[in-house]
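Right after this note come the structures.
Heads up, the next two complexes both have chain A, just with different partners, chain B and then chain C.
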Partner chain A sequence: MDRTEQRARSILDTLGEELIGILTPVSICMFTVVLLVCLLNSDPSSPSSASFSSIATAAYSESDSDSPWAKLLGAFLNSLVFVAAITLATFLLVLLFYLRCLNFLKLYMAFSAFVVLANLGGEILILLIDRFRFPIDSVTFLILLFNFSVVGVFAVFMSRFSILITQGYLVVIGVLVAYFFTMLPEWTTWVLLVALAVYDLAAVLLPVGPLRLLVEMAISRDEDIPALVYEARPVIRNHHDSRLVQRRVWREQRPSNSSDDVENNEVVTVVRAEEEVSVSVPLIERSRAEESSETFLEGIGLGSSGAIKLGLGDFIFYSVLVGRAAMYDLMTVYACYLAIIAGLGVTLMLLSVYQKALPALPVSILLGVVFYFLARLFLEVFVVQCSSNLVMF
Partner chain B sequence: MTVAAGIGYALLALGPSLSLFVSVISRKPFLILTLLSSTLVWLVSLIVLSGLWRPFLPLKANVWWPYALLVLSSVCFQEGLRFLFWKLYMRLEDVLDSFADRISRPRLFLTDKMQISLAGGLGHGVAHAVFFCLSLLTPAFGPATFYVDRCSKVPFFLISAIIALAFVTIHTFSMVIAFEGYAKGNKVDQVIVPVIHLSAGMLTLVNFASEGCVIGVPLLYLVASLTLLHCGKMVWQRLLESRNQSGPALR
Partner chain C sequence: MEASRSDEPNQNPNIDRTSNPNPLSPIISSAHVWPTIDGPLGLTEEASVDYARRFYKFGFALLPWLWAVNCFYFWPVLRHSRAFPQIRNYVVRSAIGFSVFTALLLSWALTFSIGGEQLFGPVWDKLVMYNVADRLGLSGLA
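Our next item is the complex of A and B:
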């Protein structure tokens, strides 16, 4: 009685694993940002949310007394300034990459990771300590924060670190930057998100776009792009070859495996090392004259083993959208979360069809914004009407 | 309500689905994707319905027949969408089968197909619980709780969590019944799913009467247990059938 047919593993066991490998950290990042927003913003009298000046509010700072038209115009100006700053910084990155200043970029990435973890992380920790009245003295706090930041720098800077810790620190960096972006004024945030989606589309797909130039240069030189990217799958390292090349977008057509994105990962033959560097742009200017700057390359690509890589900028802006939705109501959060996940799924499907670098922001952000406004205007009234009368279907 | 009570209500509505998720669905990544996409489909259907009904809201307080119309239209729309979902699933099944052939793996088993429909149903149920129950819980954290006049014995959040649990069960298992019914062309199964959904929706209208929830909620649970029993019977029969079919064929 041959039961081998029952014992043979169905394709359902492993299909879609890579997608889940990317969805899980994105969901964790979004969930953490929503949690932080709910915990830290529930007290409207707190002074921390009052003043937040950054390059994104340089042109116009919103105040409640302005008319909607003035707010919209101001938000538009803000986004223009911000996108211009990001374009400039990305072109600077392209120039530096062209001049092969990789060590400089690498050091700058380490520095910016340290500043994010220490400065922004420290601020959020202080807010949390204040909120929960947690008893800790400043010396202990500083030592722990310093250790935390230094380990984080090593995790993203060195390529031989444990993959789980590296992934964890990347998610933490995403959470920290996203939380600070949610402190921007409301209209500015929404217009900025849409503007960034459009910018991402242009930068990756247009022939003159900076990100496309970067990708083409990296491919032609067979080098890795310096950036903070989240790699979804653990890397198996070859100890002989210390200089590994990991292509951000390229998927080599290996004859042994099928060219499908969804393949059985029993056979992992790819070996690579990473030289990851990152470049920064002035994103946040503290009024205390401390500057921290980072940019996180956006876009989605395939590592040479077929594992999906997502730029940290995508994590951040997804979480900013969801965090801003959380400031209104949790129903919008659920709607926006589903919209973003759907957008990510669509982008990944397009990735497996086109097999080249694709911008991960546009579809998700546009779907998220649409769902936010639909949920806020229509869904909420409907659902509250029904469920407050205990009528459900 | 307090955080502890809030977590309790949330677990009441979503506890069984959480255990289903952890034990069955989280083991296969494809089922997680199915769950997410069916949640999205349910959300889209809800948004379309709310867009259609928006000009007529807010409805008058104590009149029950607009709500009956609302439930009727919503259930019809969602059942129609379920049929379209099944069509999409059929296409997906073909793609998966041809992919399995290409990498010389066995085609989808019967249990695989049932697991996919279970994940789809669970997605609908979880979406219902999240939007009708959880989204009202989370703004209400604080020292007090809330009672509605029509159901004054029990806090509002508790009764909505209980109703949500019944609906989660109904949605989850009626999807399994529906997919099997469409696949086999079994008229009974095909008809019984909209009937269950509609009767469950209409039963919640009983809550309009003063203290109506005392009658309405147990009846709702009766419907939910009927769904569960019917689904169990059907699945058992199908599994026995398929085992008898493949039994004599073994060498």
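Our next item is the complex of A and C:
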């Protein structure tokens, strides 16, 4: 009885801090993507960007003249192709991990981070410079971009690095990839999000799912998965402590007397960091067919120090949803943001109940999509009527 | 090396320590200063020297931002001027390098943007970024 009271007290004490630790970067990512969308897409009625082609539009590229049924069908085909590509890539990752090619994976991750930061980051910076006519010269620009990318690669690649800077760079990578995904055609984006939510559910929870296999392998070998994962700063319970806290990604289930401190001091059990590695996202740059894939993580788990980990794929697809909502109106942005945060809260609660790796996409994405369509179809009419009659504005 | 965290028994009388037979004597006092900004989550002192040196050396590859990150990461070293002499050596040199490079770069960039065409002539149009991007076709994405 005493113990349960203490356990309740200690969870409540630190719950807020841990939640804020994961909600803040998600919110920052979404806010930045909305900002970029608002700044850079000045013409919302223009036809879907025909210049952006990637594997997600390989099967069908949308044009305004098609009927809704054709667009829906095309969107389904696109999503199918994309999810198939991701499944293949994830199985490849599982295979490589099984064969212990960890160095190759780490190098690949560093390389993909560099490509994302330099290529996509450079493109977005150029778009911003163009939009604002900022008189910067190319030499300075190149030096700044080079610095930015190389330090980003260090932050992602090295295991012990400043927590704040690593988190910042992961959020930046999420923002960059998400912004490019918002440039997909509209129907494709929505169907793709729902398809990915279903895929995530299957890949993590089914016993044959690639992510679950990866997680189990990593646990059994007690190794890190080399992938892009956002780990919130572990909450230090005891400030008198002066020993070094080893932040490791993976941890076996050990008896409580030798493990790190978590919320409950009595039985420190499953401080397993379980992550799902998934989404190898191939992006093909406009006409240049260079393919860059990144190993992102999707899913939420607990780190070895009890900190919450959220895969970068989740950041990206939440931001894609909110960015696409921003292309319609800011009202849908608010609705979708609240829906996603609520979904993330639900997922975190489930995480604390089940104590295993969970897919973070399904609940949030489904809530977000539902709220987007509700807001677009019903809320807007209501609010416009209220405003025009000066009831509420 | 993996160190585990545990509470000192005399400071947390409420917490039930039934499971830990590992009595740690406080080897390091609670006023211990960590060399990195992350505190106990960061590096040990020995690893810090290595890191500081590597960052300092890599920064010479036109990477002033790496020097700045070095200073940021080892900020406690700069604040407590008497601790960690080896690390402080590298961090101070990184700070100096960063300031010098930034001063040079900033002066060039400001001259370029403020001087504009009057100072440079037609070369300005060739160097400015949005024209370069247009010429190389990089800015027509959206």
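Basically, the second predicted complex is superposed on the first by the 315 of 393 C-alpha atoms of A that agree within 3 Å, B and C clash if a C-alpha of one lies under 4 Å from a C-alpha of the other, contacts with A are read in each partner's own complex, and residues count from 1 in each chain.
Keep this in mind: contacts are C-beta pairs under 8 Å (C-beta built on N, C-alpha and C of every residue); 3 or more make two chains touch, one makes a residue touch a chain.
Bear in mind the structure is a predicted one, so any value in this text is a computation, not a measurement.
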With the two structures laid over each other on chain A, which partner does A:L374 touch: chain B (first), chain C (second), both, or neither?
-> first
May I ask you to decide whether A:A335 touches chain B, chain C, both, or neither, giving the answer as first, second, both or neither?
-> first
Figure out whether A:N147 sits in contact with chain B (first) or chain C (second), or with both, or with neither.
-> second
Can A:S138 be said to touch chain B (first), chain C (second), both, or neither?
-> second
Scan A:N41 for contacts with chain B and chain C and give back first, second, both or neither.
-> second
Partner chain(s) touched by A:L205 [first = chain B, second = chain C, both, neither] = neither
Classify the contacts of A:I129 with the two partner chains as first (chain B alone), second (chain C alone), both, or neither.
-> second
Once the two structures are superposed, pull the chain A residues common to the chain B and chain C interfaces.
-> 2, 6, 258, 260
Residues of chain A touching chain C in their complex?
-> 2-3, 6, 40-41, 49, 51-52, 122-123, 126-127, 129-130, 133-141, 143, 146-148, 150-151, 154, 160-165, 183, 233-234, 236, 238, 240-248, 255-261, 265-268, 286
In their shared complex, chain A is touched by residues of chain B numbered 27-33, 36-37, 39-40, 43, 46-47, 49-51, 53-54, 57-59, 67, 70-71, 74-75, 78, 96, 99-100, 102-103, 105-106, 108-109, 112, 115-116, 128, 130-136, 138-139, 148, 150-151, 156, 159-160, 163-164, 167, 197, 200-201, 204-205, 207-208, 213, 216, 246, 250-251
Residues on chain A engaged by chain B in the complex (per definition of touch) = 1-2, 5-6, 8-17, 19-20, 23, 38, 258, 260, 262-264, 329-331, 334-335, 338-339, 341-342, 345, 371, 374-375, 377-379, 381-393
Touching chain A in the complex: which residues of chain C?
-> 1-8, 11-12, 14-22, 24, 26, 28-30, 32, 36-44, 47, 51, 62-66, 69, 72-73, 105, 108-109, 112-113, 116, 127-130, 132-134, 138-142
